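Going by the order they are written in, the chains are A, B, C and D; count residues from 1 in each one.
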Amino acid sequence: MENLNAVQAKEMIMYIADKIIEAKPMLTEVDSAIGDGDHGIGMAGGLTKAKTKVEKMESPEDVYAVFHAAGKAMLMSMGGASGVIFGSMFMAGAKGMDPVGEIGAEELAQMMKRSLEAIQERGKAQVGDKTMVDALSPAVDAMEASASEGIVPMLTRAEAAALAGVESTKNFEAKFGRAKTQGTTIGFQDAGATSVWIIFKSMKEYAETH
Amino acid sequence: MENLNAVQAKEMIMYIADKIIEAKPMLTEVDSAIGDGDHGIGMAGGLTKAKTKVEKMESPEDVYAVFHAAGKAMLMSMGGASGVIFGSMFMAGAKGMDPVGEIGAEELAQMMKRSLEAIQERGKAQVGDKTMVDALSPAVDAMEASASEGIVPMLTRAEAAALAGVESTKNFEAKFGRAKTQGTTIGFQDAGATSVWIIFKSMKEYAETH
Amino acid sequence: MKKFINNPEDVVSEALTGFVDCYSNYYEKHEEVNGVLLKNRRKDKVALVIGGGSGHEPMFSGFVGKGLGDAAACGNIFASPDPGTIYETAMAVENSKGVLFVYGNYAGDNLNFDMAEELLEEDGVKSTHVRVWDDCASAPKDRLTDRRGIAGDLFVVKIAGAACDAGLELDEVKATAEMARDNLRSIGVASSPGQIPGLDKPTFEIADDEMEYGMGIHGEKGIERTKMKTVDEITEYLYFNIKKDMEINSGDEVCVLINGLGSTTILEMSIAYRKLKELLDADGVQVHDSDINSYCTCQEMGGFSISILKLNEELKKLYDMPCYCPYYAKEGK
Amino acid sequence: MKKFINNPEDVVSEALTGFVDCYSNYYEKHEEVNGVLLKNRRKDKVALVIGGGSGHEPMFSGFVGKGLGDAAACGNIFASPDPGTIYETAMAVENSKGVLFVYGNYAGDNLNFDMAEELLEEDGVKSTHVRVWDDCASAPKDRLTDRRGIAGDLFVVKIAGAACDAGLELDEVKATAEMARDNLRSIGVASSPGQIPGLDKPTFEIADDEMEYGMGIHGEKGIERTKMKTVDEITEYLYFNIKKDMEINSGDEVCVLINGLGSTTILEMSIAYRKLKELLDADGVQVHDSDINSYCTCQEMGGFSISILKLNEELKKLYDMPCYCPYYAKEGK
């Protein structure tokens, strides 16, 4: 894949949704260990809505509109902190962009970067606060650094960076999230970061095969 | 003791009160096995009030007034079914009687008989319903049958009859009382019947030594 | 079970003091006995005195108010108040138009309230009573007077309070309250026990996956213990049992109370109400008014009951009169 | 923990349906989202929209009423409603005089309500918010905005509702509600956990003889875990902590709420109130009004909190305005 067109963006979202729905039990387990255990339910529900939404876009012509619709569907249905955070991951970077039929690696990286900024602006989490930002931030860095290599290599690096980010969350103490546990959270990975990794992994897998 | 005078009636009530207060833990245990465990607290509380009340009667001149005052103090303070029942045991038979300085065995027996009738009228319990009536009713029968022998022999027989009555309650299933247990009550003695026995035992002990 | 108390023996008196302190805009405590008195009460009507054992809060002390009880006589936990308490409480609020006592039908309460009525009679104060026996699981229909009073007490207090407010005479108020009582059925389900402060045994024992239909509000044995069911199934069973006991026909108007026994949440009871409403709709029964609340509790017992009051013209008129107390307020229609 | 539910996933929607069915004389459900709307609301005033996660009933849906919230946006259990739900709920009740949102200060709620405000702005609807951070145990005083909102929410809703009713403009209502928020402190104690329907773990774990000061209403870690104390000792500690945080002087007038977290009884909380009143009396503080109730729960969690609202002329006037909903009614003075 050289560029990502609007129809591919739609298919990519649908592919991500399937993978997140598949991972629902795993995400539940991860969130249960130190959170309130609802992250799998929330993400699976949100991405089901996103999938339904983009499925209805018959022959989409604007890549950004596809991402925006998916993010908005999540945002408007999930609730909790993660609804806004993960909705923004797809929506914020696509918001207000001029319609385009396809985007390259550079645009994709920039879109994710804008999303990251919006997420941090809204959620106030920094790297090291044991949130999804710990996976998204290095993934965005990796995208920016490797965008010139093309979409597939870029997403491959992004996935690896996200996974390392997930690992890093084990070293941090949680600062966000409503149902903090009583004990330490060190040694446990963050649920939202895990979702970020699954999303990048899915994007890469889709890109590799299309 | 040939007759019971008003001062002795007062002392007898005080003696009963001390014995019931002594028996509080035992009565609690008995009521706990199949009831709600408050019988010891209730009886001890009621007889403390009765004792305080008659203690204040400096040189009482009416035997019935002493019993009535004691019963009323119990009745007006104990609450629950047993307040009325045990209050009536002292009060009902003394109520409306012409004042007398002392009473003989016959009068004592008749007083208890009137109390029993009032208790059954109010409480509707029959012998065999596993209540204090199972001890009081045979005790009253014994009193009537042996009144001619004098107070001490009469109370000795009454105590024995009450104790046999307590034993008999083990064979019955409870029909009264607010907090019935879930299982069977057979094999357990009734708390109220136990109190009746202690009361007769105390009356006898007092009479023997005065 | 951990309790927020000081000395177990002081629970009732300390709680009454605090309760009356808290609602001192409305209530005062009787100086001598455990009676809660309404401060600014109407003086030209039959006095409504309610009461019973403590431990079921807000029942009974919390239903003293305008258009409700004029006073509540409070016993120890799960034990009837003594005749002295009842007598003094009634004397403090009676206005020479007589006293109606409304209380749950339990042996201890019956004995003590009867005794109090005798004391009032000796003083020339007219009084009478209505015993509430709404729990249709507590005895068969041919032994109505053996049935216990549970959350349905509230409806009888509401109607009796309105009848007093409407200026009815003592015998009329009594007849009206009895009409409410006779048009009323309740039945509950329990899932976990409550605990009396100071005692170390819970009011009953039940397995982790079990529940019991028809259990009483002191833990009295119910009619059937079974594995935990869905709330829809439970609601269906409860409604079915009420209908078996009291005719409810299409076109009837009813008031409904879903009453929590202590620790069951409004969230859960709302789901029960949803099902009950479906069943009532299917039967063509119209709900005039309804509540979901924990009005008659058994300490922190888990479970809830359904109470249904069938209205007629007269009951409806009285139900629609306004009432106010901190725990139960109706605007009136 | 046994729950009276059907499918865990349907709890919130089924409960909302039942709740609105039960109080259909007052409420209607938003057709598309989990919003509870007041039926006969005034149309000439700022709209007050409250909300947050479900599971704390009667908070928030139960505080929709006259002189209170015009609507409540309800999330899943212990999770903020999404911006769509908040937006649609607000749109259903706004009357072109703007919308004030009052909610507890939690990361998720802040994110979602902010997002909803942006959506309203895009549609030209003015809105603003007051976040309640009354729990003085949840963060030190120099990090006020990190504090959580607990039972004190009710006081801010009461004052904001009265300010709306009094015809104040949006910015004035906001300023008044903030004044209430800033004159308000709460702190609680927990003795046993609640449980989210469908989850098999309780919200926290605690030993049989322990309690925890300052625990949050979702089981958030408190400030001190200790052996169970007497309620007098506990009340003293809680009051002491509030006084450490907010100046309370002799002659001050306050409103007080003792709020049960789920399974703690009115009996126990009345004993706590008794002690609190003694302490306030000793400090020369006058109680203008007070309540003992379970208004902001954490499912069947054991424990209670104390909330104190310090009055000034303006707050008192607004507090004394009447309000009515099935769970909270004040007659007005």
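By definition in this document, a contact is a pair of C-beta atoms (placed from the backbone, for glycine too) under 8 Å apart; a residue touches a chain by one contact, two chains touch by 3 or more.
Computed from a prediction, not measured in an experiment: that's the story for all the values here.
Asker: What's the chain with its C-alpha centre farthest out from chain A?
Answerer: For chain A, the chain whose C-alpha mean is farthest off is B.
Asker: Determine the centre-to-centre distance between chain A and chain C, using the mean Cα coordinates as centres, and give it in whole Å.
Answerer: 55
Asker: Return the distance between the CA-based centres of chain A and chain D, expressed in whole Å.
Answerer: 34
Asker: Would you mind pulling out the distance in Å between where the CA atoms of chain C average out and where those of chain D do?
Answerer: Taking the mean C-alpha position of each chain, the two centres sit 28 Å apart.
Asker: Chain touch graph shape: choose line, ring, star, complete or other and state it.
Answerer: Contact map by chain: line.
Asker: For this structure, give each pair of chains that are touching.
Answerer: A-D, B-C, C-D
Asker: Using the touch rule from the top, collect the residues of chain C that touch chain B in their complex.
Answerer: 53, 75-76, 78-85, 106-108, 111-112, 114-115, 196, 199, 201, 203-205, 218-221
Asker: What residues on chain A touch chain D, complex-wise?
Answerer: 32, 36-38, 41-42, 75-85, 122-123, 176-180, 182
Asker: Spell out the residues on chain C that touch chain D in their complex, using ranges where they run on.
Answerer: Interface residues on the chain C side: 2-6, 11-12, 14-19, 21-23, 25, 54-55, 57-58, 62, 77, 189, 191-192, 197, 208-209, 211, 228, 230-232, 234, 256, 258, 262-275, 277, 289-294, 297, 299-300, 302-304, 324, 326-327, 329, 331.
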